[in-house]
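Which chain is which? They are A, B, C, D, E and F, in the order written, and residues in each are numbered from 1.
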Amino acid sequence: MDRPDRVGRQQILKVHTRKVVLAADVKLEDVAALTPGFTGADLANLVNEAALVATRGGADRIGMNDFNVAIERIVAGLEKKNRLRNPREREIVAHHEMGHAFVAAALPGSDAVHKISIIPRGIGALGYTIQRPTEDRYLMTREELENKMAVLLGGRAAEHLVFGHLSTGAADDLAKVTDIARSMVTRFGMGAALGPVTYESEPTTFLGQAYGSRRLYAEETAREIDVAVRGIVEAQFHRAQAILVTNRALLADAAGLLLANETLSGVQLDDVLRRVGKEVGPRLAAAATA
Amino acid sequence: MDRPDRVGRQQILKVHTRKVVLAADVKLEDVAALTPGFTGADLANLVNEAALVATRGGADRIGMNDFNVAIERIVAGLEKKNRLRNPREREIVAHHEMGHAFVAAALPGSDAVHKISIIPRGIGALGYTIQRPTEDRYLMTREELENKMAVLLGGRAAEHLVFGHLSTGAADDLAKVTDIARSMVTRFGMGAALGPVTYESEPTTFLGQAYGSRRLYAEETAREIDVAVRGIVEAQFHRAQAILVTNRALLADAAGLLLANETLSGVQLDDVLRRVGKEVGPRLAAAATA
Amino acid sequence: MDRPDRVGRQQILKVHTRKVVLAADVKLEDVAALTPGFTGADLANLVNEAALVATRGGADRIGMNDFNVAIERIVAGLEKKNRLRNPREREIVAHHEMGHAFVAAALPGSDAVHKISIIPRGIGALGYTIQRPTEDRYLMTREELENKMAVLLGGRAAEHLVFGHLSTGAADDLAKVTDIARSMVTRFGMGAALGPVTYESEPTTFLGQAYGSRRLYAEETAREIDVAVRGIVEAQFHRAQAILVTNRALLADAAGLLLANETLSGVQLDDVLRRVGKEVGPRLAAAATA
Amino acid sequence: MDRPDRVGRQQILKVHTRKVVLAADVKLEDVAALTPGFTGADLANLVNEAALVATRGGADRIGMNDFNVAIERIVAGLEKKNRLRNPREREIVAHHEMGHAFVAAALPGSDAVHKISIIPRGIGALGYTIQRPTEDRYLMTREELENKMAVLLGGRAAEHLVFGHLSTGAADDLAKVTDIARSMVTRFGMGAALGPVTYESEPTTFLGQAYGSRRLYAEETAREIDVAVRGIVEAQFHRAQAILVTNRALLADAAGLLLANETLSGVQLDDVLRRVGKEVGPRLAAAATA
Amino acid sequence: MDRPDRVGRQQILKVHTRKVVLAADVKLEDVAALTPGFTGADLANLVNEAALVATRGGADRIGMNDFNVAIERIVAGLEKKNRLRNPREREIVAHHEMGHAFVAAALPGSDAVHKISIIPRGIGALGYTIQRPTEDRYLMTREELENKMAVLLGGRAAEHLVFGHLSTGAADDLAKVTDIARSMVTRFGMGAALGPVTYESEPTTFLGQAYGSRRLYAEETAREIDVAVRGIVEAQFHRAQAILVTNRALLADAAGLLLANETLSGVQLDDVLRRVGKEVGPRLAAAATA
Amino acid sequence: MDRPDRVGRQQILKVHTRKVVLAADVKLEDVAALTPGFTGADLANLVNEAALVATRGGADRIGMNDFNVAIERIVAGLEKKNRLRNPREREIVAHHEMGHAFVAAALPGSDAVHKISIIPRGIGALGYTIQRPTEDRYLMTREELENKMAVLLGGRAAEHLVFGHLSTGAADDLAKVTDIARSMVTRFGMGAALGPVTYESEPTTFLGQAYGSRRLYAEETAREIDVAVRGIVEAQFHRAQAILVTNRALLADAAGLLLANETLSGVQLDDVLRRVGKEVGPRLAAAATA
């Protein structure tokens, strides 16, 4: 399921075109640029297909046009197989992933982002943003959990800010955020209204589903939990939004760069994220004087 | 379960009558018109039955009357087997299916309808409307989900507009619409009052039924979800209604054409749907100025 | 479990008395009239028993008195086996079943009743009323579902009108009516207050019981559903009552005829039901002007 | 578990004393009176034991005193085995069972009581009252169900009236009464406030317990059902009380007679129950004028 | 698990010391007094251990000091095995058990206490109080059930009165009391507000747990049941308290006697309980005049 | 999973360096100080690694620098394996564990702490504090249960006091505290508002989860339980906080000592805890005068 980026595709093409004769107008860099979403196998197939096209046309070498024809055919096949994404979706995903990265960059205590990509990994995935935790955690403070939630909500916040829409692309992020917020309230005693009391145990799974944690608490308590969870999540969404509003122009540039490169890491990524303004909010101001 | 339309039946009759002698008064076109709902096997059976009727009558060729008698017998048998539909139902189904198609045609972002039929496929089905998505979706925005719901509700809206009734024919559409609306509220964070919080996980099935998603949220939250779901669905039903009211005369013509042909696709369908007025509502007006 | 009616019993008696000698005073028509509820086997047994009685009395042929003695013995045995019904119950059942038939006859869109009987079929059954649907249905409108409910409630309405009581005899009818009303509200979007939303899926059975449809909706929504269901059912009960009040005298006659004949069909039934006044209510008036 | 009454014990004693020599002072009638609760085996054992006592005392025949000594020993053993009931309990049970019988006798439509006993049958049972239904029922009216409940509550009403207490002895009666009242409200449409709607299906059992009838109705509806059930049961309890208050003196006599005889049936029972005043309440007055 | 009391230990010691030589200063009575909680096996072990100690010290007979050293060693071992109870706990248990006995003695209708002990029987048990029912019961009146509850609550009441604390020692008593009170309300029709209606059936167990009694009643009814149960239990706790307050001085003496003897029965116990003042409350006053 | 402390590591190093030649600058005490979290196997590995480093550098003995290089390499590997904790976490854990110990020391009736460590035992654990109960308990009073809860909450209270944060590190403590408080209210009759009534039985486990204790009580009762549990827990948290505030300076010193030594027991621990001020609150004042 792992697909190469543009540079990767150019290198793969170089390998597969070693034994064929290319016309002078063929630039593998351009072919790579035209084949986002192609796997290594797809690229090998492309070279064969282009050779066939050229042969049928009576040519003794593969021209750029042969590649164009072959690409068109393969894309049509791939589209049916559901593997390529339309440009609009790619644009949304680029902003979504960059949203995660920007919020992480703006929060001093947050783990650094070291790779970001719009090439999907796995079925149903959009893209991915990888944070390398500087160290493994035995315990996490409320502030660290809140930062983690803000980063997770950065994708949705970016989509909403740039496109004015809400999409299904944030469903997994919301599920993770809700799990964290719910644990804060029901297991870590971090919901002010609910006291240092445990309301739910860690679930035990049976048939692939949580079975264990029976709900003993009252309806009114359940509502207090819901209200507390919602309050925590909304506060973090607003933090994420505030960060992205502040860095809106930079976000557009960064998303453009990601769209062009599909994957960013190392120096290029550092260059972008270094310029993200750090969050200055009441919490941090307070923390600074503490 | 796939049944041919009138043209298809005529072609099938042509094949099955090759080895029999037909009287001069027999027009296969008319026989085809008299046998809606017949399968290929039913038509083969019809030719045999008509030949028997003719033979018993001492004739050396099959006349139109022999076909009429044979049709009558077979229809009685089929009626018992529950496979033919009465004219009133056919009329309702024609409007129902055309309702889906009209709403799809009126919504710019909606997938194009490329085939529509009142010939049922599968047990309990009414007819069908096939939309070809122009591309597969990795993510869907709230607007796209709303359009999808409006199209699904177009069938019920058409029945209600034209016949002034509500029928059981929309049950499947309502179930799909409710699933979408519920997911919007509980999984995609699109219910304004409920925040960017997940309330239900994707269900896991066991014994053919969803088992997994235990309800943890409070009663008051459950009511908020119900109210949000209902509000979303009703808004889309009103959109579908508004579109059909605007295109009422055209809807009547189109349903008549569908009744006559049983199945519409290609040029005929495009001719009809091209004339459906695009939706111009507050949402679209706002989108245009955004 | 299928028991013959009076005419059927007379014919069966004719068969079983072929090889015995009957006295001049024996009229098989009278014997048939005295043996409601007897099966074919019971009647064969009766002839044997009467022959034994006659033999013991020194007679060389079976007299009417011998039949009376034999009937008395067998009835005592059958009463113990719980197979005969007392006269009061027969009277109630006759009105109950005729109630169904009258409401069906009064509703123009309703399926025609073509047989009605007070001879129970199956354990715990009272009698039966058979409606032949003029055609099978792919979809049903709200009006058609309402008619179906009114017919089902006709039995209870008749009992209440004539005897001033409520009885357990309507339990099955109520269960069917409730199922229809509940589906109207929760699956067909026909409950005005609840919108075009699905609240329950078709149940999947496990261990002979519905397991699937988990209740996700809120308590307040559950109450809305209950109120809607109750409202729908009560409205149809009042329709059924109004029809029977209008036709009260005819109902008494018809029930008497049914009691005398045990089963009515064909011309006799048509004669009765033809005279039932059609419902003229606000709905129908409105429909007439639509 | 079936134990003989006094007359039965006397007859059994007569059999077992055939082969022994009795002293002149022994009256088997008295021995029978002293051995309530003895089974046939206990009585056989008693004769042997008394013979042993006499032999040890050097006597050549069994005197009344030998029987007294033997009875004492056996009773002590039986007491340990938990099979005899103390006099207070016997008195309570006599009034409890007679309470059932009196209410049945006072209600014209009720099945006749033809046997009543304070000898327990089965573990945990008190005594029993047997009503022979004059005929089996296919359907029961509300009035008949109400009468049945009143009879069931007659035991508790008698205990309360005579001893001023409530006891655990009525638990089974209450369970039966509640089942009837609940079915009236949830299955037979007899709860005025709840309409002709089914709220619960007949339960299906699994692992010896009802599993099937899931509760779909709302909390508020559940409360309506509870209130309706309670109202029905309390009304019948008051009917039972009123009947017993009216017949209080006769109840005391009848209970005394039952205590003395342990079991009543036939003429003795008819003599008592014939004198019970028929219920004259608003319902019956109304029924009389109907 | 059954451990001997002081007298029993002395007798056991006598047996085990038959074959050893004891010094003149050894009094088995004293050794018994020093070894509460020792089983027969522990005492056999003690004699061996003391012999070893004496031998190592070069003595030819076992002195009292040898016993002291051996006791110390064994107690240390037993302490680890969790079998001995500290003096504070013994004091609490003595008052707890005597509390049960005093309330039983004060209630005329209550079963007589014939043995009371602070030697635990079974894991987790405190001590025990045995009431011999004067006769087995087929039915129990509300008053008898209330007396039973008061006796069960006597332990907690004594702890609270004497030590001013609540402890976990009453958990089993509370569970039993709650079961009785709940059955009174839900199965015996003894909760005034809830009427002569059954709310719960006797539970059926599955996997060692009650599974059967599904809750059908409404939330408001559940609250009525809770309030009724709580009211009944609290009333009986107050009765128990009142009895113990009245007999406070005697309770202290009796607990001291029990601590010294560990187990009381026969004359000693009768001497104590005979002096407990009978309850004179409104109920009894009323009962006396009834 | 058991890891040695600094002293332990020094001894292990001494063993493993027997067969190698160490340079004069190597002090095993320093090496031990640099290797917190190393297991015995890690230390053996360290000596080998340092020897390799020295050999590659052409040296004939292992210098301190070789150890430094080797430690760096191994730490990098261990960090990946998630076994070492960062300094910030170690500091938090030291205060958390010392918080437990201080509260225990301040409560006269509490079990003595005899060992405290920041070396984790088992996956996910932080550190540990071991209290040796002076004796096993058959019963516990409310006061003893409250003390136990206060000690458990001491960790969270210390974190909050010193770092101003709440962390996930207290999750297990909260679960234990909630279990105790819930049992007090639902099983031991210690919740004033809920009376001496049992609301939940001890759970039976099935599939590793509690299955048994079905909730019978009403919603309003459930809320009373929640409020009572929360009140009990919060009161104990405040007690723990008050104790730590009073001893804040000492807590800082003690945590520092624990950080330096990783594990404290014996004299060192006694020296610290002896100086903790005893709790003087309304409860104790009252108890003193009782």
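Heads up, the rule we're going with is that a residue touches a chain if its C-beta (ideal position, glycine included) is under 8 Å from a C-beta of that chain, and two chains touch if they have at least 3 such contacts.
What you see is a predicted model, and the numbers here were worked out from it, not measured in a lab.
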Self-check item: Averaged-CA centre spacing for the pair subunit E and subunit C, given as whole angstrom
Solution: 66
Quiz item: Using the average of all C-alpha atoms in each chain as its centre, how far is it in Å between subunit B and subunit E?
Solution: 77
Self-check item: Cα-centroid distance, subunit E relative to subunit F, in whole angstrom
Solution: 39
Quiz item: Residues of subunit F touching 2+ other chains?
Solution: 219-220
Quiz item: When you draw the chains as points and link the ones that touch, which shape shows up: line, ring, star, complete, or other?
Solution: ring
Exercise. Take subunit E as the starting point, go toward subunit F, and spell out the full loop of chains.
Key: E, F, A, B, C, D
Quiz item: Which subunit B residues qualify as touching subunit A in the complex?
Solution: 135-143, 145, 187-190, 194-199, 201, 204, 206, 211-212, 214, 216-221, 290
Quiz item: For subunit A, which residues are in contact with subunit B within the complex?
Solution: 79, 82, 85-86, 89, 92-93, 120, 124, 126, 153, 156, 163-171, 174-175, 177-178, 181-182, 200, 207-210, 215, 219-220, 222-223, 225-226, 229-230, 233-234, 237
